[in-house]
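There are structures below to look over.
Paired with chain B in one complex and with chain C in the other, chain A is shared by the two complexes that follow.
The block that comes next holds the complex of A and B.
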């Protein structure tokens, strides 16, 4: 049986390379992710644009709060895949979620 | 940014006799003479008391004030930054014209005094009106060479604009050839402190960073650079207030993790048995504000706590030397790397046992301020090794 997936491409101001602030993380989630995410899917791909190199803990917490409330910390690694050409971004999100 | 409360919150317990000798009226101006040789928390306290004494004695007249300092060694960046805030209030709220006679000794962690707005108030400059106006302008904004300073207005920065500051702080440090990972972490620490100030206290935030390049470490002979940072906000809400409120109104139904917040209460129940004059409930909630996944943010239980101490510790460990502390209300919390290790469950004991639940913090961590700071202010001084010979 095929995995059910969806793919969400995030959009930010071109000049922004680093993300911070809990309310801003929530806002991006509410505006760009929430309308498109289906937690019953097996995998959701969330793609950050190439210019984004880092996300501070506050942004990550705001962005993932609703996701954690819905599927819990444990399922995040299986069900949410962050797509970015920057390893530093993927690593900052992972570290800030675990820590 | 309303700095008036730094003066007004410290207007009690004035012993006029003690400060009489420091405050004089001469030729229609108030002279405040400070003879201390170290510009630190204690000196700030004395300055505030002198100001309050002068206000009481001269009935809030708008007389010019001359601050006359003898030769004094600046101890850290935050002390003179708080003095800048006091000067702002005296000009803006009390209508004084200020003059500043000084002879300060500075070093790698206090070299930022050379780009401080205080220098605009110099006694040598007789154009009092202009220099006081210039002081206020520079207090709010100054980006030039080694100095980055901004007052971030709550209304303007309660948004995605904080990501711009994150970029700015990173890029500002880039040309000084400091290790990439360090400047990356410093930028994150700075932006998280600002985010906390703006989000939790709903107040403006002052950020001041100066870089002091071209120093040599006497022990290693290597080139090094001072990275000196203050982040402060003025607010009725102090560092531990949000956590205290949240623990006191803990909502078991809303907390899906059902683990961390009840543990803080468990720790509190132990700590309260050890409360004394030196360590009390305020200190407990202050250190609890630094715990992993504990946040004063309302309606949030699943995330929160930004791992700031871990970041600060990792920068301190890479630094040749460091002075990091936070002042909130009349409390000072020293951020010493030896006490910033999380246990296996990510709790921070701030003690030799690394145990948040059965031991109170080390005496080295908890200190009292000589004056009440109405808000939260961080002093972060790092001396970092420089990568190569190229330096600004």
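The block that comes next holds the complex of A and C.
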């Protein structure tokens, strides 16, 4: 049986290279992810554009709050895959989710 | 005469009780401060005395107005946050207060990195970073002194 997946490509102003603040994380999630995410899918790919190089811990926490309350911390690693050209962004998102 | 003697004995007893209770409170307070300072020494000593000042020095503004050199300071803020998890269980008010100050500084630095800073803006941003670092120290010093 095929895995059910979806792919969400985030869009930001071209001048934005850093993501900060908890309310902004929630806003991006509400506007770009929530309408497109289906928690029953096996995997959801969330793609950050190449220009984004850093995300503050509070942005990450705001962005993932609803996802965590829906599927929990443990399932995030299996069901949510962050795509980014910047490895440091991917690893910092993982670290910031823990604390 | 007997009445005076009795009154003096009662007063003496009351004073002894008050002094005893006060001493016990002071002892408890000093004990708490001693425990807190031991934990702070183990959890934060190098971060507070060396890493923050050293890594703050690496932040500069380039000729084209970009704030750079913050990676190590941001990492230090994350290290402080992760070292503070003990307080999540023992003093959640302090933990949340500290986390807010650390994230406030991190947010400000990252948001400033997307700006082009010229003239007075440069001084303002660098001063704000120093002020927000001072806020982090203040929260931690207060906790250490409070026990």
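In this section, the second predicted complex is superposed on the first by the 99 of 99 C-alpha atoms of A that agree within 3 Å, B and C clash if a C-alpha of one lies under 4 Å from a C-alpha of the other, contacts with A are read in each partner's own complex, and residues count from 1 in each chain.
The working rule: a residue touches a chain if its C-beta (ideal position, glycine included) is under 8 Å from a C-beta of that chain, and two chains touch if they have at least 3 such contacts.
Source: prediction; values computed, not measured.
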item	value
Clash or fit (per the criteria above) of chain B with chain C on chain A	clash
A:23 touches, of chain B and chain C: first, second, both or neither?	first
Which superposed partner A:57 touches (first chain B, second chain C, both, neither)	both
Comparing the two partners chain B and chain C, which touches a greater set of residues in chain A	B
Contacts of A:65 with chain B and chain C, given as first, second, both or neither	first
Partner chain(s) touched by A:82 [first = chain B, second = chain C, both, neither]	neither
Contacts on chain A seen with chain B and repeated with chain C across the two complexes	15-22, 54, 56-59, 96, 99
Touching residues (chain side chain A, partner chain C) in the complex	15-22, 54, 56-59, 95-96, 98-99
Contacting residues of chain C [partner chain A, same complex]	74, 78, 81-82, 85, 103, 106-108, 110-111, 113-114
Touching residues (chain side chain A, partner chain B) in the complex	13, 15-24, 27, 54, 56-62, 64-65, 68-69, 96, 99
Residues on chain B engaged by chain A in the complex (per definition of touch)	158-160, 162-167, 170, 184, 187-188, 191-192, 195-196, 198-199, 256, 292, 297, 300, 302-304, 306-307, 310, 346
